[in-house]
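Worksheet: one structure, shown below.
A, B, C and D are the chain letters, set down in written order, and residue numbers restart from 1 in every chain.
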């Protein structure tokens, strides 16, 4: 089976600093991979590279069949589901407005929005501007978007941070479903996480994969 | 493209409606700038110098800087940039939408400050009404230009403070053309060839935005 | 051949500037109306030619080449920044010499004349371009944004120009050159003018080349530093 | 929610195809070119009018009235008089003359028999007296040697 992610000696640079200093990695479809490493190990940079948000400065790589050196990064961005630290798109919009805006942009039916908010337990705060939501609620909002989006590749940056017990259970259940239905998940965390959805753990340090 | 533009414009106006930044920060700034202009001219000249149209446009150009900065700032948050990028919106549509929203905002502010010009700087109400189509067109061109220059200065580091330096040279012909046609209206004359500059600038900025906004977004 | 031409560029430039200075200051006669002031004609127009057309034009074309996917290359970006930097210097020199000329002929250091105003705005645009480059770290983002700004500036130049031209002169009537007052420059004065254009054009080429080489050297150093940083990051990893 | 339902719920969907504006760029560039041409055509029609000559102004003297204009003419010989506030002189065209009362210090190059542009307005609606606020020595592209016999013009004549 063709891997979803295939990187060889991938380098990402920002301001003359190598965020990734040569990553070689392969990820098969329908798997859950956890990137583990200390702060500054390059977890976020690697996720951003996979999402088409960073440029490949050196090395080779392909994600979802798109060559990172040649393809328009915009084509890749549209195909991934991204969970970042902020959780929302625009802080001044409410949770529901954010999701509707995003759903319209990618041609997803608007009816999915309320069901997704229900699923992550945000229905009571659906009309609140997201800048008033707590960090955990923002994570839930980001998950709701991923449920609406149903991307081929889910990229989750520190999804477990700020989530309560209940939220972690919800996330795990969701990730298991995604992997089972053919999606691929790549998530990051500073410490190893026990989760039924995680099938492989990749350790990063100094912008590289270490054994 | 048009559909995306509509959604983005609605989103920007909704954000403005929620945050009221323009109402509470930009409009008072504009009103104060107009008052300062009157103070700088002195009581005798402020009411009779015919400087109203010029000062009006000077203040509107400054207001445009603030409003464009705000419009660009909405997209500037690190989280916003990453997550919006994964929506794959058509950049031309985003540009048109943001320009449209900024244009609507400038029209609203322009109306308030136009009333201020008539009241404080004694510009004839009739002149302001006659000049209103040209003002609307000039403000639209300023909105398109401001959106483009705002996107140029989005990003990490010190880029945001560069907006005035980059935008003001581009605003200068609009200031001249707008002032001339407003003054001509005040003098009861035709606004003739100044329309050409305003319209050409509007078309050029819209076209440049449609073609180049994507290049900026990707960077 | 090209190597020889490159090596000769510097000496030839200096020589032609020296010839211009000699012809302009000693050989040519003073003008009937302007007297010795007319000698500025051997400096100012040539400076303006380089500043407004040659270098700004080069920077614009290089920027277009950079943004056009098929012709995108680092070279285009480097040429653009080199030309723009030289352009700024020449714009400032043009404004300075023009101002020195304006004081005795117009009685003021600065007139709100169309040419002066649009040239000054062009100077601010060149300054903005260089400032924009400094504000972006990532080389690709920097190249793209500055290219967009250069193109935006270039299409703005005619608009700015016409707006200030009309601004001062919305009267109908005469043109500067009427049938009876066509261009008249005498013998050696015309030759000196011509040589000054050649000299300053050469000077432009020489400066851009030097600036371009600086840019290449800088890129080389950055690449070396990056390789070093990658090696250092690799060493960080404790096994 | 049952497991099967959840699975169907989350199976990946591809995004809609991205519109590619290949023709859009070209169309837009054409529009810009047309706009610039419009500007140029207007510019060529009405630009470059830095001033009106004495003859042109006198031809439609009534229309000019006391509006602020820039008037070009030759400073007539032996008419320059220094006054307390500035300089009085006469500028001539081929068909007429205008008396100028200029305020302020004239520029260094100001002299008789040279073309100047004076900025100001006529003092009355019909009269030929002009109140100038500044004098610009005309900046043409004409350069003629001070001692003409020393220089040959390109056509071989000396002037």
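One rule holds for everything that comes next: a residue touches a chain if its C-beta (ideal position, glycine included) is under 8 Å from a C-beta of that chain, and two chains touch if they have at least 3 such contacts.
Computed from a prediction, not measured in an experiment: that's the story for all the values here.
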{"item": "Chain nearest the overall Cα centroid", "value": "B"}
{"item": "Rounded Å distance between subunit B and subunit D, as computed from the means of their C-alpha atoms", "value": "28"}
{"item": "Mean-CA-position distance for subunit C and subunit A (Å)", "value": "48"}
{"item": "Inter-centroid spacing, subunit D versus subunit A (mean Cα positions, whole Å)", "value": "60"}
{"item": "Distance between the centres, which are taken as Cα means, of subunit D and subunit C, whole angstrom", "value": "23"}
{"item": "Shared interface positions of subunit C, touching two or more other chains", "value": "137-138, 140, 155, 159, 162, 166, 170"}
{"item": "Where subunit A touches two or more other chains, by residue", "value": "74, 78, 106"}
{"item": "Numbers and ranges of subunit D residues touching at least 2 other chains", "value": "15, 18, 32, 36, 39, 42, 46"}
{"item": "Chain contact graph, described as a line, ring, star, complete graph or other shape", "value": "complete"}
{"item": "Parts of subunit B lying in touch with subunit A, wherever the complex brings them together", "value": "4, 7, 11, 14-15, 18-19, 74, 77-80, 82-89, 218"}
{"item": "List of subunit D residues in touch with subunit A within their complex", "value": "1, 3, 6-16, 18"}
{"item": "Subunit A - residues contacting subunit D, complex", "value": "74-75, 78-79, 106-108, 119, 147, 150-152, 173-174, 177-178, 180-183"}
{"item": "Complex interface listing, subunit B residues touching subunit C", "value": "148, 152-153, 155-159, 162, 165-166, 168-170, 172-173, 176-177, 180, 193-194, 197, 200-201, 204, 208, 212, 215-216, 218-219"}
{"item": "Interface residues, subunit A side, partner subunit B - complex", "value": "48, 51-53, 73-74, 77-78, 80-82, 84-93, 97, 101-102, 104-106, 129, 142, 145"}
